[in-house]
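Order of writing sets the chain letters: A, B and C. Residues in each chain are counted from 1.
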Amino acid sequence: MTMLKTETVTVNLGPQHPSTHGVFRMIVTLDGETIVDLEPVVGYLHRNHEKIGEKNNWIQNTPFTDRLDYISPMSNEFAYVLAVEKLAGIEPPERAKYIRIIMVELNRIINHMVAVGFLLNELGCFFTPMFYALRWREFLMDLYEMTAGSRMMPNYFWIGGVAADLPEGFLPECKELVAALPGFIDEYERLITDNEILQMRCRDVGILPPDVAVAYGCTGPLLRASGVPYDVRKAEPYSIYDRFDFDIVAGTVGDVLDRYLVRIAEMRQSVKIVEQALRDLPGGETATPKKKTFRPAEGDVYHRIEAPKGELGFYLVSDGSVNPYRYKIRSPSFVNLQALPYMCKGHKIADAVIILGSIDITLGEVDR
Amino acid sequence: MTAKETFDRLAEKFPQFELAYVEGKDPAILVQGDNLVELAQHLRDEQEYDYCSSITSVDYPDHFEVVYHLYSWKKEGGPVILKVHADREDPKVPSVVSIWRGADWQEREVWDLMGIHFDGHPNLTRVLMWEGFEGHPLRKDFPGTEDEYAFG
Amino acid sequence: MQSIQGILEFVDQIFVNLSLWFSSLLANYLPDWGVTFIMMFATVLVLVIFGLASIIWINVFERKLLGRLQDRYGPNRFGPWGLLQCVADMIKLLTKEDITPSRADRLVYNLAAVVPVVATFLVLAVLPFGRGMVAADLNVGFLYIVAVGSLGTIGIFMGGWASHNKFALLSGVRAVAQMISYEIPMVLSVVGVLLLVGSLSMVSIVEAQGDWRLPFVVLQPLAFVIYFTAAVAEVNRSPFDLPEGESEIVAGYHIEYTGIKFAMFLLAEYINAFSICAIATTVFLGGWQGPILPSWAWFFIKAYTLYFVLIWLRGTLPRLRVDQLMNFAWKTLVPLALANLMLTALLAKLVPAHSLVGAVAYLLVNIVVIVCIALVKYPGWKRGKREVVLVPRSTAPQARGS
């Protein structure tokens, strides 16, 4: 029997779409229900962040980096502040280092809760797992509000330390939360991970082989789920990560289910790190004294951290003035998104949405 | 292996490339544009630098510079940083997409925002700005750069 | 005792007596055919008003229950406990601008909003809401339900086609495929019950359960599960709501509808969901039978309990993909329904009717079938839990300093 000649249909999963994590467009060529080709179109949120960064001075850029990946703002600030400190040769005090680690690891938990919650939302659970995850995220956001004054754009890190010391009620509340979080993650897993429909929808969907993942430059949970145990915190330890005992979580197959499980397990590892940091938190001051103007020496530097979404890097070029000469952000979502067409080909249109959800992008970071 | 050792080994292997060593907090290897692809191929295949982390471009007063940060997920050590100069009038650099697939969108972004053309790139179109936009915003001579802000 | 019996009887038959009184009132002024005519209209009017009014509490019930499942309150602004939320929503929907896409097929587009609602109300006509409270006791009751219920599918496809929108069309196509596929197990599972009853009339199905003194869910548990699953898919409720909820995650066949036409689609969906609960109650749970409380109260308690299960499913389960959906219908539900039918037919010949022995026999056979299925599927369920690997150090252990 000869094959029927059918035509392909081009469908636009347009910029306004409830499930594309922001203004993101996918031009999908379909043959029936199967995806033949997928072209992502980005740039709808491009704000020319890098050029504005060149106009700001070094200190003003710290709150500006909050706007990149607005789900995990502390990580962006952390990466920038570490890069500038490397450029200028500044060493923050010990207490500040521990506080930064606590904030950044809590941020990782926050980000993974959003990622997992929204992935399950796109699977069709009608917001229920999302609300459960967001409820706990609210408790963590309360900690941020207590310390930094704001939930989403905290503006907490300074070049040379943190903006203010931890307030009075922070430590007991943080300890309480951190003790309760593993129980919550267990409950979450019990509720949804073994669900038959979830397993059917997520197994062997969007497989990314490890060599392809490395070739595309993917990092973060996307890379680790494919089986490559690469984590910048262990490969090139920065700040004081070498003092903590935690594991890298790696998947086996590299499909959507693995990415989901990797994120859940990474939340547990972050809890471990926060517990250790809270235990070892030293006293002391929280920032080196600030000068009126900040002019680092000339030169260029590239510093990268393990942000919750992948490897976030800042390439800074200084010419000795108060503004950066070049301020470049290597954003993980932008590079990870290149793997989307590869992962989606041959799957159904419903899978494209969950594969996108499992990559976990934030348009603020992709488009800058 | 430190950056100097990497450089020495590469200079030994490719004396015809005229590599230069750039000092600094992050020492780099200055490569001529024509030799870039072969050097990158060697780095990926023989020395297993299979992860191209970042491709950046900088607009210096007399030339453009494209900076490549290469890592290896198997080996320890920091990045191998390659720098390529391109002249201001007609900036052209060979594309490394054939070596690292992840260079695709990063080179498109460099083309879009800085205007450096990558020879051999399969689809060099604008990625962040819209199609049909004139100019390259990150250049220092882009109109509007000289506007003063109220602060800074 | 007698007086309590009398009171219960009175409350039970209150609506029947009301309609009898009304018709006798009319008989004073109108000839016979006039009375019949007016009574027909009155019945239809009562049904339609009941359908429309029940939306109010069904909608609020659903939203508050979903909210509670999701650790939040649900609507609680309008009216006490948010009871008037649906009224507010209806007013909002009715006052919205009515936009029609410029290239839409006008007639079909407008009709498509009406067809599912009509189909839904037609189904309500044969449901016995209580003892003696059925609008039309057709002797082909269940066949009529199957026939008329399929009209809703046409309406959905009309909506998808006439919207002149790729998403709507894709969703309409999927909806038709889904609804056609799930008709078959739905009908087959009820045929087993019909064999036990011997008649298609809904009222006689309920009365047969009285004769057996057991609801048919005890005699045909497998059929109940199959029916309920297939019916949930028929009315496009989660986890089978591909045509509407997913479809590239943007609303599906009612993308291009606004205002009152959109309200019509929503109406049809809610009343459809209620009517499959009502059918399940009638066929499997004993209809309006139950002690002490009036019959119509029992009917609604049972129907709303099943609706509660529907809402629970909606809030908990992810959605199936379209090919998994079709596989489930054709490869799982249809063979099971056929097996159930065969076994029921066999037992109906062997076992005496209306006897406890018979009931136990049916129950045992069903349990054996379910256990067999579980044993066959069990190795699959234990197929291998996916775990992640914890690696203590990456392959590049050398530190480079901070």
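Convention: a contact is a pair of C-beta atoms (placed from the backbone, for glycine too) under 8 Å apart; a residue touches a chain by one contact, two chains touch by 3 or more.
The model shown is predicted, which means the values in this text are computed figures rather than measured ones.
Asks: Which chain pair shares more contacting C-beta pairs: A-C, or A-B?
Replies: Of A-C and A-B, more C-beta pairs in contact link A-C.
Asks: Specify the chain with the shortest distance from its C-alpha centroid to the centroid of every protein C-alpha atom present.
Replies: A
Asks: Farthest chain from chain C, comparing Cα centres?
Replies: B
Asks: Between chain B and chain C, tell me the centre distance in angstrom, where each centre is the average of that chain's C-alpha atoms.
Replies: 62
Asks: Using mean C-alpha positions as chain centres, tell me how far chain A is from chain C in Å, no decimals.
Replies: Those two chain centres are 43 Å apart.
Asks: If you average the CA atoms of chain A and of chain B, how many Å lie between those two points?
Replies: About 25 Å separates the centre of chain A from that of chain B.
Asks: Please set out, as single numbers or ranges, the residues of chain A touching at least two other chains.
Replies: Residues 86, 230, 235-236 of chain A touch two or more partner chains.
Asks: Among the residues of chain C, pick out those that touch two or more other chains and give their numbers.
Replies: 394-397, 400 - these are the residues of chain C that touch more than one other chain.
Asks: Quick check on chain B: which residues sit in contact with 2+ other chains?
Replies: Expected reply: 73, 76, 78.
Asks: Name, in rising order, each residue of chain A that touches chain B in their complex.
Replies: Going through chain A, the ones touching chain B are 42-43, 46, 48, 50-51, 55-57, 60, 86-87, 212, 214-219, 228, 230, 235-236, 299-302, 304, 311, 313, 315, 317, 322-323, 325-326, 328, 330, 334-335, 337-338, 367-368.
Asks: Chain C touches which residues of chain A in the complex?
Replies: 9, 11, 13, 17-19, 33, 82, 86, 120, 122-128, 131-132, 135, 194-195, 197-198, 200-201, 203, 225, 229-231, 234-240, 242, 247-253, 257-258, 261-262, 265, 348-351, 353
Asks: Which of the residues in chain C come into contact with chain A in the complex?
Replies: 66, 69-72, 166-167, 170, 238-239, 241-242, 245-246, 248-250, 314-324, 385-397, 399-400, 402
Asks: Tell me, which parts of chain B touch chain A in their complex?
Replies: On the chain B side, the touching residues are 24-26, 50-54, 56, 58-59, 67, 69, 71, 73, 76, 78-79, 81, 100-106, 109, 113, 126-130, 137-138, 142, 145, 149, 151-152.
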